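The first chain written gets the first letter, and so on, giving A, B, C and D; residue counts start at 1 in each chain.
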Amino acid sequence: MSHAYRLVVSCPDRVGIVSRVSTFIAEQGGWITEANQHSDLGAGRFFMRYEINPESIGLSAEELSKHFAPIGEEFGMQWRVHDTATKMRVVLMVSKDSHCLVDLLHRWQSGDLDCDIPCVISNHDDMRSLVEWHGIPFHHVPVDKHDKTPAFAEVERLVEAAQADCIVLARYMQIIPPTLCERYAGRLINIHHSFLPSFVGAKPYHQAFGRGVKLIGATCHYVTEELDAGPIIEQDIHRVTHCHTAEDLVRLGRDVEQKALARGLRWHLEDRVLIHGNKTIVFA
Amino acid sequence: MSHAYRLVVSCPDRVGIVSRVSTFIAEQGGWITEANQHSDLGAGRFFMRYEINPESIGLSAEELSKHFAPIGEEFGMQWRVHDTATKMRVVLMVSKDSHCLVDLLHRWQSGDLDCDIPCVISNHDDMRSLVEWHGIPFHHVPVDKHDKTPAFAEVERLVEAAQADCIVLARYMQIIPPTLCERYAGRLINIHHSFLPSFVGAKPYHQAFGRGVKLIGATCHYVTEELDAGPIIEQDIHRVTHCHTAEDLVRLGRDVEQKALARGLRWHLEDRVLIHGNKTIVFA
Amino acid sequence: MSHAYRLVVSCPDRVGIVSRVSTFIAEQGGWITEANQHSDLGAGRFFMRYEINPESIGLSAEELSKHFAPIGEEFGMQWRVHDTATKMRVVLMVSKDSHCLVDLLHRWQSGDLDCDIPCVISNHDDMRSLVEWHGIPFHHVPVDKHDKTPAFAEVERLVEAAQADCIVLARYMQIIPPTLCERYAGRLINIHHSFLPSFVGAKPYHQAFGRGVKLIGATCHYVTEELDAGPIIEQDIHRVTHCHTAEDLVRLGRDVEQKALARGLRWHLEDRVLIHGNKTIVFA
Amino acid sequence: MSHAYRLVVSCPDRVGIVSRVSTFIAEQGGWITEANQHSDLGAGRFFMRYEINPESIGLSAEELSKHFAPIGEEFGMQWRVHDTATKMRVVLMVSKDSHCLVDLLHRWQSGDLDCDIPCVISNHDDMRSLVEWHGIPFHHVPVDKHDKTPAFAEVERLVEAAQADCIVLARYMQIIPPTLCERYAGRLINIHHSFLPSFVGAKPYHQAFGRGVKLIGATCHYVTEELDAGPIIEQDIHRVTHCHTAEDLVRLGRDVEQKALARGLRWHLEDRVLIHGNKTIVFA
């Protein structure tokens, strides 16, 4: 199967949704290769994700969408059809720490991460050589700490020009302005280097060291206006002991950050993450 | 919701299964509160599990089964409807190690494990007081190592008399005879104290110690005639170091065994485990 | 080896400590079976723990202490010698949740937890039968929420009468008064059902559910006056998903609490935990 | 501290070793910044590792070794002093899978892995550009499957010319000839893509898939003549489900391999791994 259609749905829960949707797919001859569903009984909301073999169905993604639209309307659905033949365009943003960037670029290069990376943006020039070796344009946009507005205007311009579907803050150590957060709501992914909600803000490993925790963590989440408070996609941890200095925590944490970010991004790219309020449904 | 219906299906994969089943449920007014599906693309087989609110559907489990039967026939399904109002009857078997038994009895007593325990059978008398304190009958069936046949005839008689739906070997250190394995195929659960397929057979922790592994494990699996080779339900591990003796591994392993067995049994009781060949689908 | 001497030392770091201590032990013919050391380079403090075979050394623990005292003085040490022949006396306190209690009692009964349990104290009467089945006295001390003073006076009296070396709050859902915290500083162990410092205070699993975390945790720590802020001994986590309700988190968390508390207590009983400020050194 | 001396000792256990060694260090004014010891009571063998601040001691590593030699002789020690100012020289060997190589090169480049990498050797030419971008010589040594002798003669020549202290098989998919195993015994590190001793040999993820395991793993170990049977340094695992194909296991396993290899190599470079028979003591 060279590509797939993905139908992702979220709507008020009621009897007959699966019947209606699955019968529609069956009527087109559609072969569902993967199906996930979730009923949030507390919130009364239903979520589903179908992966469909396009060869089994005599329709383009646009046609499928057009045919599906009345059902979406009938059930009050938020829904989308995504043809994986169209790769998502992911802009990476980074500061001076290279570990998440190296990891994502390698996954992209080896075909493990199914997306296009139109460019990398950084407030420092350090990663230029690495990025360009991968054949990806690199934009150095310095941030003046007394007036960040021009820098973020330029970032926004570059992201627009790149036609980004998604922005990944791969250890980009600047706070994103609210306008950008809002514009890319649900498409702006950050890796925070703590086990949220512990240790919000700056130097979380040093905060963790000060508190004497026995596990450190990292959190991949969507960015919202409130700092480090957006919907969590993935978290992971690593065990530490009294032997480890704050610098050791920084070092050990890098591996956790890499993995949590890579998993979170992968799930996002595969349309496995649905946002509901400040939480996520992850059909992993 | 005081109880639930669970519809569990396994059949050759083809277009329209979900449509047919979900439409049938919708036609009865059935509210699906949890749904899991899996297509094994390699094996061409489809698996599903629906949890349905009985109050939404004006049918008893027997009536629901009767109505569903033609669909089962049409699609060549293995299927069952289980009304959770009817608790599964689980016979526990144990030798001298108490940790899994204590854990399961406590989960049962606190309502965490939704089953009846008609009796506990052991080849030793050590656990009698513990079991009887829980108000559960205890049967001591000594096993003569020169002739195990009478003991297992008695075990089989007791299990039959208890109308067991499921047998759990909670560290019962005897090999189960093939007839019993066959009779309770897919309903006879063991906890093996290694990370299978490593360290099959006796004294796995001592084998692990001898090999110098850095992680020990436990495996919850269905018992088949071939020793420690049946379908795996759940596995877990614990980190060890050069500081740990073989006895330490035994001790640390107990916690892993408890958890892996409790999780595996819970999933079995919740109809979340489907067997296919020598593997399991676990809708956890 | 039927028992062991444990020498535990904490002092300002400088050249020659190990030489002085190990030479002293060697001069007595002492065979060190386990040795742990840690230099906190930031704090300039040194920590060590020796486990010594008593048969190799012709001295009682008291005599060993007496001979060691001048070294302790010379180096400004906090130190103690513990003969494991004298078991620590551990009072357990519990409310209505039984999982940690059952786990600790079973470990104690099976000889896995090397201590005496002179009594169990609870603000409810629910656990009486369980505790008494283990042959341990049970004290029901109801807490009047309008005036908790009499209850805690009684608790303190019982703990004193039991000659407790250590108090374990095995899900005792009351805040301990400052006087008791101070009196048993470094000997009063709690299990908090969150991954601290996240979710301090009441209903942490519901807080975690509200925040949409992907991992839940538990923290074993020494109690200090400030709620859930004392030195952390051990933490552990369990993965959760969008499928889990707040009640599921409560259930899944129980296993994590059991394990974190049991490990923390074991290390405490084995003199493996040294407190320094608000942190612990754990020679596990 | 710009560098450190590391004294690593293994000898028959007896009373007075620590006293003798630590007193020797103290007499030189040596400040021990990290100390690890282990007594294998079963084997009657003692292991230790001291990290010493060179500025506290008025001796070169050579002088320190010379002064220490009589103690080594007296106690029948295997011992070495390593001055970390002299970096170990690590030759990497790789086939076509890049994930471990990329990870190690990045750790080396960012200063996280304290060694020199004089060259990378591969039986394929695919990694040349990546390696050379890091400024490291790349040697393509094709292996003729009908006669591997010339290739391994060339490998041995290159390793010798590189004055390698250590060889790392970072997914080098060829069996190393016995002579090379022997020559670099205890200095030849492999990452095997299974949780050993399960799934020795070829295609371990496919073996794991076939067996239906619920956890996959990777094992970092020293290479000996017997395939995948040498002393284990580190192991790690990742949870998998029925949803994962064999190809998914391969993909998920890459992260585990990276981490297990990186940790194992780091510990080796930091003189934290002592070999005893077919096991390791890891002072991590």
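Observations, loosely collected:
Keep this in mind: a residue touches a chain if its C-beta (ideal position, glycine included) is under 8 Å from a C-beta of that chain, and two chains touch if they have at least 3 such contacts.
Just so we're on the same page, UniProt names per chain: A, B, C, D = Formyltetrahydrofolate deformylase.
Being a predicted model, the structure only gives us computed values, none of them experimental.
Shared contact partners of chain C and chain D, listed by label: A, B. The rotation that brings the Cα trace of chain B onto that of chain D spans 180°, given to the nearest 5. Taking each chain's centre as the mean of its CA atoms, D is the chain most distant from chain B.
Here chain A and chain C face each other with the same set of residues for the most part; over half of the interface numbers are shared between them.
Taking the mean of the C-alpha atoms as each chain's centre, chain A and chain C sit 41 Å apart. Rounded to a whole number, the gap between the C-alpha centres of chain A and chain B is 37 angstrom. Under the contact definition stated at the top, the residues of chain A that touch 2 or more other chains are 34, 41, 243. By the touch criterion stated above, chain B contacts chain A in their complex at residues 15-16, 18-20, 22-23, 25-27, 29-37, 39, 41, 56. Of all the residues in chain D, the ones that touch chain B in their complex are 38, 40-42, 195-199, 211-215, 217, 231-237, 241-243, 245, 278-282, 284.
Chain A contributes residues 34, 98-99, 102, 106, 110, 112, 133, 243, 251, 254-255, 259, 262 to its touches with chain D in the complex.
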